[in-house]
Amino acid sequence: MSEPLVTFRNVKKHFDDFVAVRDMDLDIYPGEFLAIMGSSGCGKTTTLRMLAGLETPTAGQIHIGGELMNNVKPHERDTPLVWQSLALFPFLSARENVEFGLKMRGVAPAERTRRALEWLNRMEIGEFAERNITTLSGGQKQRVALARSLVMEPKMLLLDEPLSALDANLVIRMQAVLTRLQKELGITFVYVTHSQSEAFAMADRVVIMSQGEIAQVGSPKDIYRAPANRFVAEFVGRNNILTGTQVSQDGNGIVVETPSGTFIASAPETARSDGSEVTFVVSADLVSLSVEEPQDRNRVLCTLISEEFVGSMVTLFLESSDGHEFKVQMQERDLIELDLHSGSQIWLSWAVENAHVLDGE
Amino acid sequence: MNQTRVLNIMLVLYVACIFAFIFAPILFSLVFSFNSQRFPTIPLGEFSTEWYAKIFADPDVWIAARNSLIVSVSTAVVATFLGFCTAYSDFRYNFRFKGPYLALILLPPTIPLIIMALAMLAWLSKLGLSGQLWSIILAHSVLTAPFAMAIIRLRLNQMDPDLESAAWNLGGSEWQAMRHVIIPFCMPSIVSALCLTAAVSFDEFAVSWFVSGLNKTVPVVILEIVQGNIDPQVNAIGTFVFLTSMTLVILAQVFFISRQVKSHS
Amino acid sequence: MKRRFDIYAMTWRLPIIFWQFLFFVGPLLFMVAISFFVVKNYRMTEAFEFVNWQKMFSKGYFWDSYWYTIFIAALSSTVAMILAFPASFALAFRASDNLRRWAIFLLIIPFFTSYLVRTFSWYVILAESGVLNAMLGYIGLGPFKMLNTHFGTVVGYLTLTLPLVVILQTVTMANVDKTLIEAARNLGCKPLATIWRVILPLSKTGFIVAALFCFILSFGDFVAPFYLGGSQEPTLPILILDTTKSGQQWPRAAVVAIMMMVTLFTIAFAAIALAYRKGGAK
């Protein structure tokens, strides 16, 4: 890739005794859609606020476009932010809200009105330009907030959970709007969210944070298929996580003995010795079900506990004889053929290459 | 059931009595101001505008009215400025000694006016600042700033704290954010605070009486008339004072409440 | 961290500090100072002597006045709290939200009408041949002497405090969790017992604050005892007034004022401690 637009080097942020961000190293590249994801208090919003200059790093350096930004004030930066609360000015009309940043930058009235209207039209809310902001709907306000930031023609747009206040179907529509805008404008989007579906649906790369540290950076697919550690594996969800002892190693992978049985997991040649503890994950959608005992070496007999439907997908929750919980995700129509009910016994199996060994565990 | 109804009727009557007690002096003052008797009693005398004619013809009353106007308007401006600064500091910043800092502005109304009057008189004389109209303004600004602070602080409570950061984020300096975001947002409460502090200052007599020297305000004139003898002129002046104060209070309410309702919708 | 001077922050923080030290803390401290000054030939001169304190403390009339002021302010506060209660109760529990808002708005009006004019109005109403005695005369009562009595003073104090007490009591009781009252009734608590055992304990803080405000206002008022009470037994504020306005004895007035402040602070601290004490078993 090209030169990074933003670099974080050993960035720390403390609030009194609380460590919000510790030793962060991160590169953000021009034109990418980067999502920073994590549960509340993980430091993702603090990271974003440091980019906007609303927080000053306690230690370390943040460069934007090669310039050290640590002590650059918020208003001297070109990092417009779309706020979780939207933070639209209630005493101004939609157009005046969009013009606000241009006015601060000293753009002449006629010019700023023209540019504001252009953006409102582009966001398909031109007809509401003169309406008071408090009279607009949630989705319309969202578009005003986007227009207000984008009219500044930034190289990078920061977004702090902008869709969290919208209802589900509106979220999907706004996701499409955001991805399209990002592609058209070719600018960097840094998008903070706690929602995995938002991050995975839109981002080129996802940063997963936990307790102020980066747990993993990678494409949605990398993170989904090859979680770097137990935290990510659990956070991403719908992963079966098994821990056991390595008993031997052969050309196919490593043999791991767990309370639920002995399995083979794919792993590159490692220095791991027999007898060491190994954790591997199997994605719930890569597990097959069969009534007959399958031929695969990775198989386990489980009892069905419950099922959960989301659209046409269904997640089954099962339990092996030693009480370990397994999750299996499949299409609902495939489930009907199996004719399962609570308490049914069924075989689970998966291919060796789908059992992914976690590093450093 | 019947018992509860009797009880409820008695409660309603009781509330009416309490309100009658509270409003009796106000209403009687209004009635007496149009009554020809010098010592009003029942039955009432004839309708008369004699007392109004008298006060309109009295140059002292006009001077006092002018003085009161100057004092209350200036007080309102100073107190609202002080109240705004403090409310914003409290809203925006955390700092050491914030408790004592807030006590500094909020305490004056809890101190009896007669004590404030004595202390102000002694101190302002010492500084050579007593006996002037602006002596009253200095004293009143201390007494009324807490009301301005409270009203503006309540308004700031309703503000999304991100609003100010959003202004910075869009390229506004702290000063620009103040001018283009904080002040417009607080405007209704600033107007309310101006009206309310003006009204409080307009009615205050103890401190004014002590520090004003020869520059009497309307309440001081009332005080001196009352000290002399029974003179129904007081009622006529009272009517004007009442109308002025009420106008200010209602304006304050209109600005404050209407915005309150608006921001909830 | 850098500790440089933040002009913006200080622009908003410093004015009130400057202003209040100059015109609030300054006067009060100076008042303490002049209580040690001496007056010679009708002129106050700077000194550090306890003569004013000794003079005032040795005077019988000062202590008479001191205890009388506490007594009459406490009496009027008690009367106000009791008189206000049924009305506040009705407004808090029987009135609709809308009616209650209107009632409170009406009760705010008196604060912005001249207290002097209202007192003068009472003077005329309560006079020997005034409106009230004339009305009582029709039903064959009186005339009663109401001016220049404790009664007159208390009426004056109530004019000042009753609206505030009703507002504070009403707001306090309206905020009591209604489900607790229903729960008590449901458990067989009789109406009066519910007031005594549920509503009052839950409203304790608000009621103590109301009584405290009432006391502070009455304690510091000179208008009611002067015009309606006839100042036959002067209260402390009247003492201040007399010593300042007629005798030029500012130092002695300062002594009285300081005693008033000390008394008020003591009572306020005690009341606040009582109000926020963890509710023990009753």
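The letters A, B and C name the chains in turn, as written, and every chain counts its residues from 1.
The rule is short, and it goes like this: a contact is a pair of C-beta atoms (placed from the backbone, for glycine too) under 8 Å apart; a residue touches a chain by one contact, two chains touch by 3 or more.
Bear in mind that the values here come from a model prediction, so they are computed numbers and not experimental data.
Summarising the inter-chain layout, the chain whose CA centre lies farthest from the centre of subunit C is A. Chain B has the C-alpha centroid lying closest to the overall centroid of all protein C-alpha atoms shown. Separating the CA-averaged centres of subunit B and subunit C is a span of 18 Å. Inter-chain centre distance (subunit A to subunit B, centres taken as mean C-alpha positions): 56 Å.
Rounded to a whole number, the gap between the C-alpha centres of subunit A and subunit C is 61 angstrom.
Each of residues 174 in subunit B touches at least two other chains. Of all the residues in subunit B, the ones that touch subunit A in their complex are 160, 162-163, 165-174, 176, 180-181, 184-185, 187, 262-263, 265.
Residue ranges of subunit A in contact with subunit B, taken from their complex: 52-54, 73-75, 79-81, 83-85, 87, 89-91, 100-101, 103-105, 134, 148-149, 152. Against subunit B, the residues of subunit C that register as touching in their complex are 8-9, 11-13, 15-17, 19-21, 23-28, 30-31, 34, 83-84, 86-87, 89-91, 94, 103, 105-110, 112-125, 127, 129-131, 133-135, 158-159, 162-163, 166, 216, 219-222, 227, 237, 240-241, 244, 250, 253-254, 257, 260-261, 264, 268.
Listing the residues of subunit B that touch subunit C in their complex gives 8, 11-12, 14-15, 18-19, 21-26, 28-29, 32, 39-43, 81-82, 85-86, 88-89, 92-93, 95, 101, 104-105, 107-108, 110-116, 118-124, 126, 138-139, 141-142, 145, 174-175, 199-200, 203, 205-206, 210, 219, 222-223, 226, 230, 234-235, 237-238, 241-242, 245-246, 248-249, 253.
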